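The following pair of complexes shares a single chain, chain A, combined with chain B in the former and chain C in the latter.
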Partner chain A sequence: MMHEVILNTVPFSFRVTTNSTLVINNLQRVYGSANLNTAPTENDFAHYSVSLLLQRKVGRPWKQQARFKCDDLEPFLPMDADKSYAMLEWGLNWVIAAHEVSHVIVHAGVLAKDNKAILLPAHPGSGKSTTSCAFMKHGWRLLSDELALITPNTLTVTPFVRPVCLKNASVDIVSEWLPEQAKSDIAPNTHKGDVAHLAPTEISWREKASTASLSAVVLPSYRADTYCEIQPLTHRQAFNQIYEHCFNIGILGAQGFSTLAGIADKVSAYHITFNEADEIVSFIEETLAIAT
Partner chain B sequence: MIFSADFLHGIWLKQAQLSSLSNREWEALVLLLRSEMLLARFAYWYENESEGFPAFVQAHLGNAKTLATRQAKQVEIEARMLVPLCSQFSQHILFLKGAAYTLLGGQLAKGRVYSDIDILVDKDALLSIEKRLGFKGWIAKPVNNYDEAYYRKWMHEIPPLIHSNRGTVLDIHHNIVPPVSGKAPPSAILTEHTMQSQGGFETLSAAALVLHSSVHLFFNEDQDKGYRDLIDIWLLIQRFDSQEFWTELVRLTDCVGFKTDVILALYFVSQFFDVGVPKALQPNTLPKAKWWLLKKIYSKTVLPSHPYMQCKYQGIAITLAWARGHWCKMPIPILLYHFLVKGSRKFIEKLFGDHVFKNSQSGS
Partner chain C sequence: MNQTVTLRDGIIPFCFADNSGSVFYDEYSGDILSLALCFSIESGKLLITEYHAYSIEKLEKRGWIVSDDA
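Our next item is the complex of A and B:
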């Protein structure tokens, strides 16, 4: 059966057309009915329109394939049907990274407490999502796990609250930290391993429309044999790191450059090698003088 | 939520009732315009009226303008770098289509977006230019082996080049139609009809730009983005309208041909946007039956082919236009061979999925 729902995320909403029950069930579970409009009317709109369709090929009738599309664009190769929900989440990230130029967009997690936000730019596999969850465990709210939307030439981050993508061993670890949070079905054997999407905490949803101001940049990098090693970064190192993870600097040009330079100038940055994410949280809370 | 052709034309004539659109209809209109590469054009067209539009539409228009501004800037930078690289091999480096409109500036340029830069150079210079550009980071975009041979043997352009750092795509032409069609004009005629942009770049003359755009639209197997091209032609006419312009256009069609294509383009522009066309380029100069058929087919295919566009029998028209386009471009034996190869590949794709001929890294 074909479903058409509007996912009312802020600041961008999505009209999702899908015939995958897995997708609909997981959207319900992870975003909750408050964020999902299952019967859109003429007055409802979405910023972007995407589809996630399960199809069978004549030459391979025993296996369904999931295909993600936005307008006429298909950014990914088809995946197996059991990865369809994860594929949708990645697709939504892609849509925003590819179309939005009103913000400087950095591939990074963003969390905040007392309006002080930290930016976690990182490569896949560095433990960014796990670190984000450790912050949530300590009462920080999630603004985003993937896309930091920064207003040009400011330190202001606009939240884009969506689930956190957990991989492999971190699925179980984080489930223990945040047992209350809804979790999607596991998408097995993706290019990132077994992944599950975890719903953000109550406070993250509640404050999904309140911006926060960047106060620190942390580059997490997980290493099993290092407890916690903190290395402050120079302005230039910080700039290079944020620049490397910025999606749309090429389009924003000078404006993008000055935004990133502004962050590197005004905000202290650290490279933290860790195997105990809680240590990063205590360090940051101490540095920013946040009451725990 | 399905838009009529009249509503669409009304947008550009500023006669459409945009204020009565529902949110859902606005959403559909944005999708339709973006899919036709007209969203940025629309954003500039309504720059002073957009305050009354819903906030989410304004956000899209803002994005579209940012992207278009960036592209225009990039094209100018690329042009500045390309000309010195090519000029030692080719006497003329002519900018065509979208890049030409951008470089010419004005309303024509505002919000015109495209996916590649098209230039025309001397045929003898092709290999040297390709080699030279290769040293500067321009590499051939991956195409399959059949398409590579197709371009090299029969076409009026080489396979597209892509810049390895900047991602810009460059189409280098040596003519405006495939030589294999037997209808390619001597390139000397093209290089006689040129003009300079304010920035000092050479483009085809206004009349030759109209001719080329018409050829691109109708002497071709698909009319994808055809509606956008008609708006370009309309804007070219508005900007360069003069006795000399029309005389040059008539003379051009007399000596290089493609009169039918130009007549078709001017006919639709005059119908949609209320523009006067001189007698010599009106449909009654064509045989009646031929015109009847062409009009039937192309009046459907120049409209956007989109789920939100109302257009009956568009599918059949697109198929017929596709057949005519191939018929124009290639002699029969080559056409049959081309269909055989393309057809069998299509069949295999149907069977094993659209991505079977792609290598596994290219998609994600």
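Our next item is the complex of A and C:
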């Protein structure tokens, strides 16, 4: 059976067409009814139209595979049907990273408290999402787990609140930290391992339209065998790191360059090696003089 | 020793306030160069105050600067 829903995320909305019950069930569970229009009409607006369709696999017709498309573009190879919800989430990330030009986009988590935002640019596997959840556990609101949307030539970050992608052992760890947050079914054996998507906290949804101002950049690096080690970065080191994780500086050109340079020059940056994410939260709250 | 250079058209310089260096952006190619080099801008020219020789060489090799002191 074919379903059509509109995902009313801010600042972008998505019309999602799917025949996957797994996708529909997980969208309802993770986004909740407040963010999901399950009976859209043709006149209801959405910024992007995407589809996640299950089809019989060529050569193995007894198995279904999931295919993600946006306006007939298919950015990923098909995946097994049990990964369809994770594939949709990754697809939505791709849509914005590939099309959005009014913001500088950095591959990073962003969280805020008292309007002070921290940017967590990081490579996959560095513990970015787990760190984001540690901040949420301490009352910070999530602006994004994947895509920081920065207004050009400012420190302003626009929220793009969506679920946090947890991998492998972090699924159970974070479930203990945030037991009330809804969680998607686990997509097994993806290229990132076993992954599940966790719903943002209530304050994150409630303030999904409130911008925040960047106050610190933290490059988290998880290592099980180490104590917390904090290394301040020079402005130039900070620029190099943020630039490395920027998706669209090539499109924005000089405007993107001056935005990243401005952030690096005005905001304190740290590389933090950790095995206990709470220590990063304590350090940042102390540094930014945020009441706990 | 200070050195004065002229930037090629389309090169945007940015010197960081903590004296850790600077970054340069080529508007035409989109290339970015991050260097251990500090400067101030005087009369549209770069007055380079702190640098490693290889930083100047990198800019010269790309044709992004012309030295006024040569």
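As a working rule, the second predicted complex is superposed on the first by the 288 of 292 C-alpha atoms of A that agree within 3 Å, B and C clash if a C-alpha of one lies under 4 Å from a C-alpha of the other, contacts with A are read in each partner's own complex, and residues count from 1 in each chain.
One rule holds for everything that comes next: contacts are C-beta pairs under 8 Å (C-beta built on N, C-alpha and C of every residue); 3 or more make two chains touch, one makes a residue touch a chain.
In this text the structure is predicted, and so the values were computed from the model without any measurement.
A.B. asks: On the A-aligned overlay, A:243 touches which partner chain: chain B = first, chain C = second, or both, or neither?
C.D. replies: second
A.B. asks: If we overlay the two complexes on their shared chain A, which of chain B and chain C does A:234 touch? Say first, second, both or neither.
C.D. replies: second
A.B. asks: Could you say whether A:71 touches chain B, chain C, both of them, or neither, answering first, second, both or neither?
C.D. replies: first
A.B. asks: For A:265, select first, second, both or neither according to whether it touches chain B, chain C, the two together, or no partner.
C.D. replies: second
A.B. asks: Applying the document's definition of touch, where does A:253 land relative to chain B and chain C: first, second, both, or neither?
C.D. replies: Both partners, chain B and chain C.
A.B. asks: Is there a shared patch on chain A that both chain B and chain C touch, and which residues make it up?
C.D. replies: Residues 250, 253 of chain A touch both chain B and chain C.
A.B. asks: Write out the stretch or stretches of chain B touching chain A in their complex.
C.D. replies: Residues in contact with chain A: 22-27, 31, 34-35, 54, 56, 59-60, 62-63, 66-67, 70, 73, 350-353, 355, 358, 360, 363-364.
A.B. asks: Quick check: in the complex, which residue numbers of chain A touch chain C?
C.D. replies: 234-237, 239-240, 243, 249-250, 253-254, 257-258, 261, 264-265
A.B. asks: Within their complex, state which residues of chain A touch chain B.
C.D. replies: 15, 40-47, 49, 57-60, 65, 71-72, 75-78, 99-102, 191, 250-253
A.B. asks: What residues on chain C touch chain A, complex-wise?
C.D. replies: The touching residues are 12, 14, 16-18, 20-23, 25, 27, 30, 32, 34, 36.
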